[in-house]
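Below, chain A partners chain B and then partners chain C, in two separate complexes.
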Partner chain A sequence: MPLEDQLEKLDISDTSYGSMTAEIETLRDEDGEPMEELVDITQMFFDLGRDLSPHTIIKDPGFNLFEGTHSLEVNNEKLDSSLISLTDEERQFDCNLAYGDDELLRLKHVTAIVDLLTRFLVSWLNEYQTLPTTVLSCRYVEHLLIESSKAGRLTYLHSGDPLYDQVLCDAIYGICYFAKFVQKLLKAGVIFEEEDLNFNGMGLDFLSYFEEQQVIVDRLHRSIEFVESSQGDKGTFLSRLLRIIICLVKMEDHLELYSADVTRLDELIEESRYLDEHDVSQEYTPPPGCFSMSIQKRLSNRFPPKHLVVPNWNYKGFSTMAQDLKIVLKVNDAATMLEAAQLAQYFNKLTQRHVIARALFPLYFIRDDQTILGKYSTLDCIHMHLREFSAMSTTISKQSPQELEPILQEAMNVLFEWYQNTAQNTSRYRQGYNRQLLLWDALHAQMETTEFELAQRGIADQTMGQQGRIPFMPYSSWAFSMKVTAMLDYVTKGFDLDVYKPFESFSMFWYAYYLSYNLEACLENVQQFIDSKINSIHGLAKKIKKVKTIEKKNELKAQHRHLMDTEMEQLRTNKRYLSYLFMNTAIIKSLSLAQVFQFSILRYLGIIDTNSPAKSKFTSDRLLHDLRFKPFSSIGVPDVLTYETLQSTLREFSIEGTMSSVKLENARQCMDKELQSASNAIETIKKCISAGDNNGLIVTGTRLVKEEALDYYNHLQVSVEAIIANSTTISSHLKSLKSAEWKHRHEVRLNVPKGGSPFFPLLELIEKVDRKK
Partner chain B sequence: MIVYKPLDLRNLLHFEHLKRLIDADLSEPYSIYVYRYFLNRWPELTYLAFDDESGTPDTPIGCVICKSELHRGSRMRGYIGMLAVETAYRGLGIAKTLVKNVIEKMQEDGCDEIMLETEVENRAALNLYEGMGFIRMKRMFRYYLNEGDAFKLILPLTQKSCIRTTFLNQNDELLL
Partner chain C sequence: MDCLKLPDFIGCTLHISHGDGRMLTGTLVALDCQLNLLLDHVQEHRGQDQGERSLGLVSVPRNTITSVKISRTKLDRLCHMKQEILRHII
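For the complex of A and B:
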């Protein structure tokens, strides 16, 4: 931006700065011609300075505190990268010299450089390090990127040794080509710069002018052949490194061609295993000065100085990357939207997946051409989601009235955001749900209104309730179930992220129980509708027998066959999927309720309360409660848990007062009952996941993420057992617990047992720590 | 005895000491701009602690640096930017008094809530703030330059703190 424009952007409108009266004088060269780049602002600077009020900060209006915390400071050694001191080797390093006195030493140097660069990739991507402290600290990388960018094509070194001039260059271009793919993923906006990934390219052009992947791959093959033929066994390690780089270069095919072929990923796993088992870090060293902080000193740098990373022998990191990518690519095999959604639900739930896999997932699923997996339109996708839950055989989906279209489009937008959110890092995942609550709530309200209006025009479905026929709204049922599931995820994820203190666990577990209860009610409605549809098709068969005329018989037979062919299978699948959802919801409900009982027992013992233990004159327990429930405060249905409701719920669970020993025993029995019921449901789901969806009992839709889903339920099972054991421990201390001294010395902490579910931590008794010590 | 005073912006010596205190303690290296951003705009929201029985009674041994602004056009939010106490003076409740003083000031000024971020691993800071009623609102992944996660903590002072911004703004529009 020209300096004049920059000066105009400065916040000088405030009268305290005075008015800009100075003329901007353009500098002229020896011939009196204006110099475009340089402007003499000396006079203007002093003129403006004279009018400044003391203690005034001069800043651009857009320069806020966030910008400020990223600002640098000249002559501050923590913030000024020009103060970095370099060794003689670093200063005198020459990229066009073949370092190493003999051929073996030169091989060792080149191997060491490629080895370090490859391990730096793992430091960068798996361990969240920056480019200037890893890959870009290599002088050759910097040199080749600069020279190639100037030439607009790949240029090579001129040291006279093919190991440097060909092999090293090919390896570096392979690595940079891969970095360019990572940059593209980052720019797609799924993952967050600095948080998930750092791409500080120091102003260097990462081969934007070069698109020919095959050329890079061919040259890497050429180098492998050269190393193998010229170096024999001595070159094995280097050639294995080059093979890894080829796998990395080919990774962009998953984005550019939407390839689901995992051959290269398997090769990457294989090669990384080999390299992991052959630690040669002591054997090979790079030439002195080759890796340096000097790029931070010399090139455009908006970050404070940072020391180079010392990478571990971290080749296993490539295996992690490839394994996680393989999980994501399985979505290509999704036979139903349920399978796609279950993959999204489980792949990143318990273990945060590799950043490349997380970034790729939504881009692979929702493609540039606006199709889903290259097979379905967005409208197809939302219809499939609806049909696989509640909309099968409904009047509304059969008639598909026009006015539904914009709502379905909106539903698709919200659903896409849901898919994208499942790929976020563990903290963003919960923040995403915070926003999603509003979106699902708005969609639910919109769908309900439209379905109500359509019902007025006779486009309606009904189901049998306890008081006879009641309206059934398939679309709003779906939106409601998605909304409540998002609310549950948001609540329980707070435990995983250690956001709640023990005193808050009662309200959060109670709310999770209450949400599950509401979800169950919704599922029951859907189930009743599906049952009525299945029964009605079966009823048609009976009707055929009763009908007298052949003509009518044939007509009914045809109708029955048509329904059996087009609707029955999906209805039966949906019924079995609902059975799974019932069990899954029952697990959350039972576990949450058991935790509520556990809290009540500990509260009876006087060790914990729902009020904050903080002694603050600034706030109140009501305000703290309302703040905690702020994300839900605008949700219409289900109701938010108000402070009053919390207090009355607490009274219902209170063990204090008369018959306390009976109440205590009841609480323990209820807890045991809930835990036993959760355990049974977990076991059933696990068996069905293992057996696959043709098990005849329930449909889990987890075919593509069997291992991950089993892992999730295994963790829940461990938690159930740990809660039982913890409850027994607490019971065994009951007598001593009632003593004032014991109470004084103990407190409750939320703790996830080894292998347990982070969403249901234990309310564990521990001795108080004297914080003053 | 420890005495607590608001910042005197004209005292450059205090500024230098304060900067040294913070620089020694925090994981984030801050430029002079960040200090000036807080101190020059909200000098009344910086408090210093002095030991008047020491040999250097005019040298601050602790400080808290804050700001307060309208947040998303809907509520006044106080923000605790930096807090530091010299190692030799820790465990004496100085940080707690500094924070208490500045919260009182921000409450007087009409703040609806006080917000801050702290490292997940900083148990001392979490104990201090949570002991004063702050609660953790969210966790932020790799928030600091040292690659650590952070918690965002909020202390609600009025009911406005407990209403989503979108709805606060809608209510304001309705009132108009």
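For the complex of A and C:
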């Protein structure tokens, strides 16, 4: 039995405190009732402390001292919120007083409060500010939330002025209702507290007991009518603010009712534009003491004191939010899974979207009832994805053997995670891919094994390879292409996030080239299969002509018609989509290879090398390489790039020896060729995106994100041009660049040109900064 | 109480008073040789009119402490536990 349990049974009534003196006091509760007897051990505590040797730390074994660095410190002005000093107005602020000597001043006060609260919402959501320093700094918000929570219903002020008692309260409840929606989005787990959004509600209940959105909206309409009828033109600004709040309250419908109606969002854009153009911040001032840090001092608070935010005239922020939400809601119009996937791929790729839009996307796409967009089951969804890539017209998809079901379920889970990851903030996006690599790899292995087993039972597809008929595995081809695409995204996103130093760029660009080469091989395989299927349907038409019996002819005709009706269109679409994928992959491949050549030229000049410039006895270039490629180390196929392979590649690209001038010229020519080919592919894709998928050439699936996809390729085009210009600059100074002094004064940096793609930064020559100066 | 040492108070709920009339009640998780304390799950009491609030993990510098108190029940239990341990060792 544990010692403490044994002691429970001991009689402790005659406890003696020995020679130590102890003063006894009684701790009382709020009503003055005795709670427990306290013994003063101050002297004993300090006496014992004298015996401690310097540097001694006594701590709970389960406590990590690192956590202590997050502690608040008593009597430290920067950390102790009890020390926040308040003005007399702040201390004496009374929420049930109608501040303002006359009606106009009261209108101005109420307008100023609602205006500040509305702009605080933008500061909170768009500028990563906290609630206590924005919305919750308003005494009325705190008061109403506390009083309503106690009553379990919406309570109102009693100042005697309807502007305060009705209009202000309705506005505040509207804002709090919207905050409750944001809280719900945050709790859904797509976005992260502190990383994407701060929801420190100071322990206040944000209307959890109140679900009736319509009541809030009706009351806001009532207030608008009241302001317009009682204040005339003087109340225009206030009524516009109330309209914005209604739009915010209605935003919940996109999650609760999965509404794709953007009327309210358009209204929000329009209202926010109006307010943005009418800066009246100097005209209206809130009553003194209305906004203060006092909530941080009075309520439970685990954070250091923070000054209130001074918001800009930031109404445009609502427009950003609404525009981003509109992009996300377009997914409702996705006619194919390709369109949904392309929306996911592009909507958040180049520009990080508003936190509300990012949080809503996966929740809107994958619904609470386990359906996709309320139309498809999860199994339908995965089948559509597969059919729109490689599984159309395959034996395996037609027979749909039972063994595949658990694997398809697993595929769906991985795919959902992919969709969710596309909505993450820019840093977590890459971290998410890190995890995705393993999931796709495991899925690829599983699919390959199952398809191999099915092939042995005769459920198999074949395609014509260079050495005759070869097995074709449609499901594992899809998983492989998703995996390699994720690997490419992970690698190139590293450049966007400045993860790599210039000396690492050779290996990462080479790896990107290697991956796109592998992806191309997979796409070729799929294309061959699709071609063979299309040819076989066409072949059927020819066969009909050759057959002599009417009966057989009719049978073949029916078969042909059936295939034309059910398979041909999708096969042709897939073929055109593959053409797009080929071009897209070729762009990455060419740009990566051009960067590899650029690196080799700079290496020839002696300005850069693949080895780390920071030498340390604790590490080596090999260890650094292994660390850099650790995320790929457990991937089965494609093979991981070993240190030896990389070194041998580097030697192949090396411009050295007697033929160096020829090699240099070759490198420059190859670089130009790759960049030209990338540029052509970009132009073609851009034209096809603009023309839409009925252009007859390629299918991009970007109908819903035309602007975003074009933006992505425009950035790539700028990068291509910048790489060409950069290469010309370097080449034009080749002779002087070889001088030792010049080399000493210059270095290479990775730089994204203005309007260029962050995934392919320039290897730019710059003068070294003398850090000693 | 003679038998008690500072490590025995780790994990105990202490009531720390300050000169400004505040009392902090929290679980002692660490202390250093200068008797700066680290308390977790801290509740701050500021007199009956201002109520109380929670602050989480709080570091209490030695020079801000005017008194350290512990509940009698807990102290009794600590003393007994220590005596029992010592008796077992001897």
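Following the convention adopted for this analysis, the second predicted complex is superposed on the first by the 703 of 773 C-alpha atoms of A that agree within 3 Å, B and C clash if a C-alpha of one lies under 4 Å from a C-alpha of the other, contacts with A are read in each partner's own complex, and residues count from 1 in each chain.
Note that in this section contacts are C-beta pairs under 8 Å (C-beta built on N, C-alpha and C of every residue); 3 or more make two chains touch, one makes a residue touch a chain.
A quick note: this is a predicted structure, and the numbers were derived from the prediction, not measured.
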With both complexes overlaid on chain A, does A:V262 touch chain B (first), chain C (second), both or neither?
neither
Just checking: does A:R430 make contact with chain B only, chain C only, both, or neither of them? Give me first, second, both or neither.
first
First (chain B), second (chain C), both or neither: which does A:R628 touch?
first
Touch test for A:V499: chain B only (first), chain C only (second), both, or neither?
first
Taking the superposition as given, does A:A614 touch the first partner, chain B, the second, chain C, both, or neither?
first
Taking the superposition as given, does A:S82 touch the first partner, chain B, the second, chain C, both, or neither?
second
Per the contact definition in the header, classify A:A445: touching chain B only (first), chain C only (second), both, or neither.
neither
Thinking of the overlay built on chain A, is A:M564 touched by chain B (first), by chain C (second), by both, or by neither?
neither
Answer with first, second, both or neither: which of chain B and chain C does A:S71 touch in the superposed model?
both
Do chain B and chain C land on any of the same chain A residues, and which?
55-57, 65, 68, 71-73
Sites on chain C touched by chain A in the complex
1-7, 9-11, 15, 18, 20, 22, 24, 28-35, 38, 40, 44, 46, 48, 50-51, 53-61, 64-73, 75-77, 79-81, 84-85
Which residues, counting only chain A, touch chain B once they are in their complex?
55-57, 65, 68-69, 71-73, 76, 78-79, 128, 194-196, 304, 425-428, 430-431, 434, 438, 497-501, 504, 612, 614-616, 618-619, 623-624, 626-631, 633-634, 771-772
Can you tell me which positions in chain A touch chain C when the two form their complex?
3-4, 6-7, 10, 12, 15, 17-20, 22, 24-25, 27, 30, 32, 36-42, 44-46, 48-49, 52-60, 63, 65, 67-68, 70-75, 81-82, 298-302
Flag every residue of chain B that touches chain A in the complex, lowest number first.
9, 23, 28-34, 36-37, 40-41, 67, 81, 91, 103, 107, 113-114, 120, 127, 130-143, 145, 147, 149, 151, 154-159, 161-164, 166-167
